[in-house]
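For clarity, chains are labelled A, B, C and D in written order, and residue numbers in each chain start from 1.
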Amino acid sequence: MNPTAVRRLAAYEQLSANPYRPWPARITSITELTDKETLFELRLIDDDVRDAFKFESGQFVEVSIFGVGEAPISISSAPSKQGFIELCVRNAGDVTGALHSRQCGDIVGLRGPFGRGFPFEEMKGNDVLLVAGGLGIAPLKSLINHIHDTRHEFGKVTILYGSRSPEEVLFARQFDMWRHRDDFDLHLTVDQPDETWDGDVGLVTNLFERVDVDPAKTFGAICGPPVMYKYVVAEMRAKGMEADRIYVSFERRMKCGFGKCGHCGVGHQYACIDGPVFNYWEAMNLQEAM
Amino acid sequence: MARVVVLGLASDFGCQVQMTNMEDHLLDVLGAIELEYWQLAASGHMPEDYDVAIVEGAVTTEEHVELLKRVRETASTVIAIGSCAVTGGIPALALSGDLEDRVGCVYGESGALVACGRILPMPVGAIIDVDYHVVGCPIDPAEFVEVLHRAIQGLRDAVPLEPMCATCKIAENTCFYDRGEVCLGLVTRAGCGTKCISLGRPCTGCRGIAADANFESAKAIVERMGADLDLLLERAQLYNNARKDLS
Amino acid sequence: MSTLTVEHVARIEGHGTITVDVDGGEVRDIRMDVIEPVRLFESMVVGRRFDEAPLITSRICGICSPNHAVTSLKAVEAALGIEVSERTQLLRKLLLYASYLQNHATHLYVFAAPDYVGGGIGSVFPLATSAPDVVQRALRIKKLGNELTTALAGRSVHPITPVVGGFSSEPAVSVLEAFVPRLAEAARDAGKTAALVATFVIPTFEPAGEMLAMVDSDDYAIYEGSVCALDAGWCRDVSEYRSFITETVVGHSNAKHSTVDGRPFMVGALPRVNQSWDRLAPTARVVASKLGFRPVSRNTFHNNLCQAIELIDAAERCASYIEQFAAVGGSSTPEAFAIKSGSGSGATEAPRGTLYHSLSIDDDGIVTAGDVITPTAQNLANLEADMRAFAPTVAALPEPEFVLRIEQLVRAYDPCLSCSVH
Amino acid sequence: MFFRVMDKDRLPDLVRGLAAEYEVIGPIAKGDEFVFAIVSDPTELRLDYDTTILPPKKHFMPPTESLMSFRVQDSEVVGEELDRTPRVLFGLHPCDINGLMLMDNVFLQGYEDPYYKARRESTLIVGLNCMPHEGCFCKAWGTDEVHWGFDIFLSDLGDRYFVSVRSVEGADLLDRCVETRQITPEDTAEFQRVASEFQASFEGQPDTSQVPLLLDAKYDDPIWEELGSRCLSCGACSMVCPTCYCFDVRDRLEPDGQEGTRERVWDSCLYIDFAEVAHGHNFRASRAARVKNRYYHKQWGYLSKFERVLCVGCGRCASACKADINPRIVIEALQAGGGSL
């Protein structure tokens, strides 16, 4: 093996030797998206660890702020972009709050990537229907960007995204641009519009009237607040999509991220290692899933 | 650095004494804050402005009420320490019966002189919003420091929600109910490491009733274990007399 | 006439305000207003079960809670006719003395010293940088006292293990023995403390109050003994305390005032050292003598030095109690007893002076009446008398200086105002 | 595996021999009960114990343990120690050895847990046969016997122990510490007799054959509400369980706020906030849901992953639970058709 490969392998082993140990990462960019959500770009400091860090869309990292704690956060950037990751974080409590008070250049800890992501390879050659509610766009954003970077390998790509209000629309600027592209069919809706809003109004499920789905060659991907799944799945099923072509990403309380701490149980599975992305066929049979 | 004041209402100062009882760390803690006023330990006047107010003691006078309102306007963070401040504690025992009778009992006919401005005892939270709670009678110095750091960092309050029994098992104590004795651990906030129980005394509930206590079930347990239900109910009042829902 | 007030006097336990009426440079009147709110403990024990009385009354004071707990236990035991074992008594004495270590160290270094050291620095905290060894010494003694109380009683504030008839749990002998070398060090630290206190510049001041303390024929009295009056020369059984101490409610203070034979009186370290000088540990006596202290002293300001002397004594005595504990047999497991009606009282010497508790219990073990007299409550009348006598001698000083002197006098008593308003 | 016989009066030799090289932990009395604790003198050992308050898991995953210490300012890990103290756990009953093997599945498969692994690798297990006590229902799960998972196993034959030796370390140890002898046909016969007597002394073990099926069928049974109304959410059951492994991770700062420790502490799925996520959504807000989860995870969820049930029938949770929630009774009630206990 060449020396670089050996070094990388060593770094990789180090990475996995103690999965509880966070690796220092520097915040290299901070973009405020809304009042509560901010996009953080992070770079692992150690070159070899950074090179060894490979992930899939839908996977998450544990963000670690020593003295405060850890929080699982989905990676929002695409695996096709290497050397950094983006996290879209809502200020929801201790760790996420502490992260929001950090500045560019500050160091935080990262562990991961953990969990099962979306079956990107399997999705290739198909249409994709992505449905996000609120912060659920965070993991889907990674998938969307990844698809974007390999756009020619996919059929029709439809994105349905519901937010509470126009101020809460995440990645608004980017989506605004995308609305005018014809390789992405993007629909935004808000529950409570204001005078600036010229898009749809109502629940994300209302948008289904506008989409045409070829159930045999479409994959669905859903992420949003707990109440949303049932209704969105029902719409997809109504369009004739099979349960095993729908993927859902779940949020649960998590401490370790790799199947030990027991917090993220969903039925007989753990959201951290068996998910967070579940095939709906599996999820259907999980107690407490939806 | 956070500018901190320490205030005492009606109490025995035990919690403030506990704050000094971490000899090894006192100076470290003081290094992490700017202590602006602490009547017990330093001369000086209460400053106009400060960030964190640490309040010990129950509210028992109109003056306390006024003071707390001012404190709430000034401080961004209020920490209530000790049972007196958090649940009304032992001072709230004076809630049962008639205040005038009580004053008469202690001060005789001259009672009116001293009772002036005296009101029924209340926890601090009955007057103002409290951001952080350090429970116990007295508080545990280490727990105090932990909460202080949480407060300085702006983390959320983290009083355990569950009752005592898990810690009691971790300490490998034999349950008092196995001997037919009443223990308030069934419903009392965890977090003290079951100090009393490990030293052979049943929990008297000084940390207050746990947010997630199942009091109804506890009563059934006491009866089933052949222990004294009246005693459970009375003991539950000892530090929780300001609550009306425990019977 | 103008009025000078010192609100919320710092570095004392509890809230008090000094009010001085001045007329043309002359002090007309001076008062100690205990504004600490009334707490009604005596009424709160009524209706509760007898075994809760020690637990409740321990909450009168967080500084001398071991004394309140033990004194209340003595009252309960007297009411129920329970005799505790020698082992229990020994552990209780050890507990009380251990709490002296932490009490006196805190008072001398944290409360009193800032008045005298470095020209009145207001708090002990600046000393951490200017005289770190002094602060370290203070913390060392305090910590030892706390750890020893914790080893005995589970924690240093509001003891857990002392229960009616004995202890719910006792430490292993080896745990206590590990304290002995540290106690020897503490005795040396206490010696240095006494030397430091002896450098405090205090006025010559001979007030006229009586002095009361418990006296025991064969021990420095803290756990048992009879109460003796220094001037009057009598000794009485503690159970008669109501017959020799008269309490009156005064208008300006939430704490009652006490007199004996119609005179105000002082309790605390000075009266104790005055009356039990011969029973002090020899080293304590030697150090005291070297520092120029001779009993009997009437100077209230000597109370601080006497506390330092008691610190030495406490360190020595704790070590010897631990030795005795290793040798004494028996058990501290609570004695068996039957609940019956009765009344009883108990007293101990708390760091600040004699503490009395009494209780009446009915057939079901429910408390029907309670009474407590704390040391500070006894001292207040004397403190005011002292202030009246002392103020004119310093009235000519500039105001801040005047206030400091008056506060020095107040702190010499190591008052515990929240205690006084139980 | 091979077998030896050791006379009972040699036991102190064995313990002392072990103590020379290892920290020896065994059952000792605490009040009227027993606990696993460091044995400083062989006479303290109470090999006649029925069960202990806490199971041996506390020696592999302490109630509170430091994962690492850190410096706040630059997010550096400044300390991370694995506990490799050589230890012997002496006198474990089969249920507890089985319990450890169930813990192994969690902590040694997939991502290895280095803290658990380090302790596990440096600990020898000396097993001991037992007789069922009132609360045992190990036989119902087949955890009354153990064929591996120990280094040596002692079976009490009255005046001697029948010693089963499983590992090389076990064999070495025995060689070094104590005098043993070859087994005779009489020893084997007696060993068999004791084993049969043990098997015969189980009374009324619940029928567990249908448990997973029953749980599937009885998901909405009123029994869960009934249990929920009783449960104190105290978590005692999880603490005393040899197979409950859930934990929380907390950061604790030193008083100066500059450094701190990241700690792992035992957690319980019965606590109200166990499955609560940000913004207050609680996936198991009711006590009933939480009690039910304990049963579903142990007797169904874990089973689906590791083909074993996460219970060894030790009965500890039943005696720790003041609310009288007892898996054995729950199983029997479900088997009897559910509806109520």
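Everything below uses one rule, namely that a residue touches a chain if its C-beta (ideal position, glycine included) is under 8 Å from a C-beta of that chain, and two chains touch if they have at least 3 such contacts.
As the structure is a computational prediction, the values presented were derived from the model and not from experiment.
Chains B-C form the pair joined by the most contacting C-beta pairs. Closest to the middle of the protein, by Cα centroid, lies chain B.
Centres computed as Cα averages put chain A at a distance of 65 Å from chain C. Chain D has its Cα centroid 52 Å from the Cα centroid of chain C.
Computed centre separation for the pair chain B/chain C is 25 angstrom, with centres defined by C-alpha atoms.
Centre-to-centre spacing of chain B and chain D amounts to 37 Å, using the average Cα coordinate of each chain. Among all residues of chain B, those that touch two or more other chains are 149. For chain D, the set of residues touching two or more other chains reads 253, 257.
The multi-chain contact residues of chain A, meaning those touching 2 or more other chains, are 67-68, 93. Touching chain pairs in this entry, ordered by label, are A-B, A-D, B-C, B-D.
Chain D contributes residues 30-33, 35, 53-54, 63, 229-236, 238-240, 252-257, 266, 268, 270-273, 287, 320, 322-324 to its touches with chain B in the complex.
Residue ranges on chain D touching chain A, taken from their complex, read 67-68, 70-72, 74-77, 80, 106-107, 110-111, 113-115, 219, 245-251, 253, 257, 260, 262, 267, 269, 274-279, 281, 283-284, 289, 293, 296-297, 300-305. On chain B, the positions that touch chain C within their shared complex are 8-18, 20-21, 23-24, 26-27, 30, 35, 39-44, 60-61, 64, 89-91, 93-94, 96-97, 101-103, 105-108, 110-111, 113-115, 117-118, 137-138, 140, 195-196, 198-201, 204, 231, 234, 238. Residues 149, 153-156 of chain B are the ones that touch chain A when the two sit in their complex.
Interface of chain C with chain B (complex): residues 8, 10-15, 36-44, 46-49, 52, 55-56, 59-63, 65, 102, 106, 110, 114, 122-125, 128, 135, 139-140, 142-143, 146, 154-158, 160-161, 163, 168-169, 249, 251, 254, 256, 418-419.
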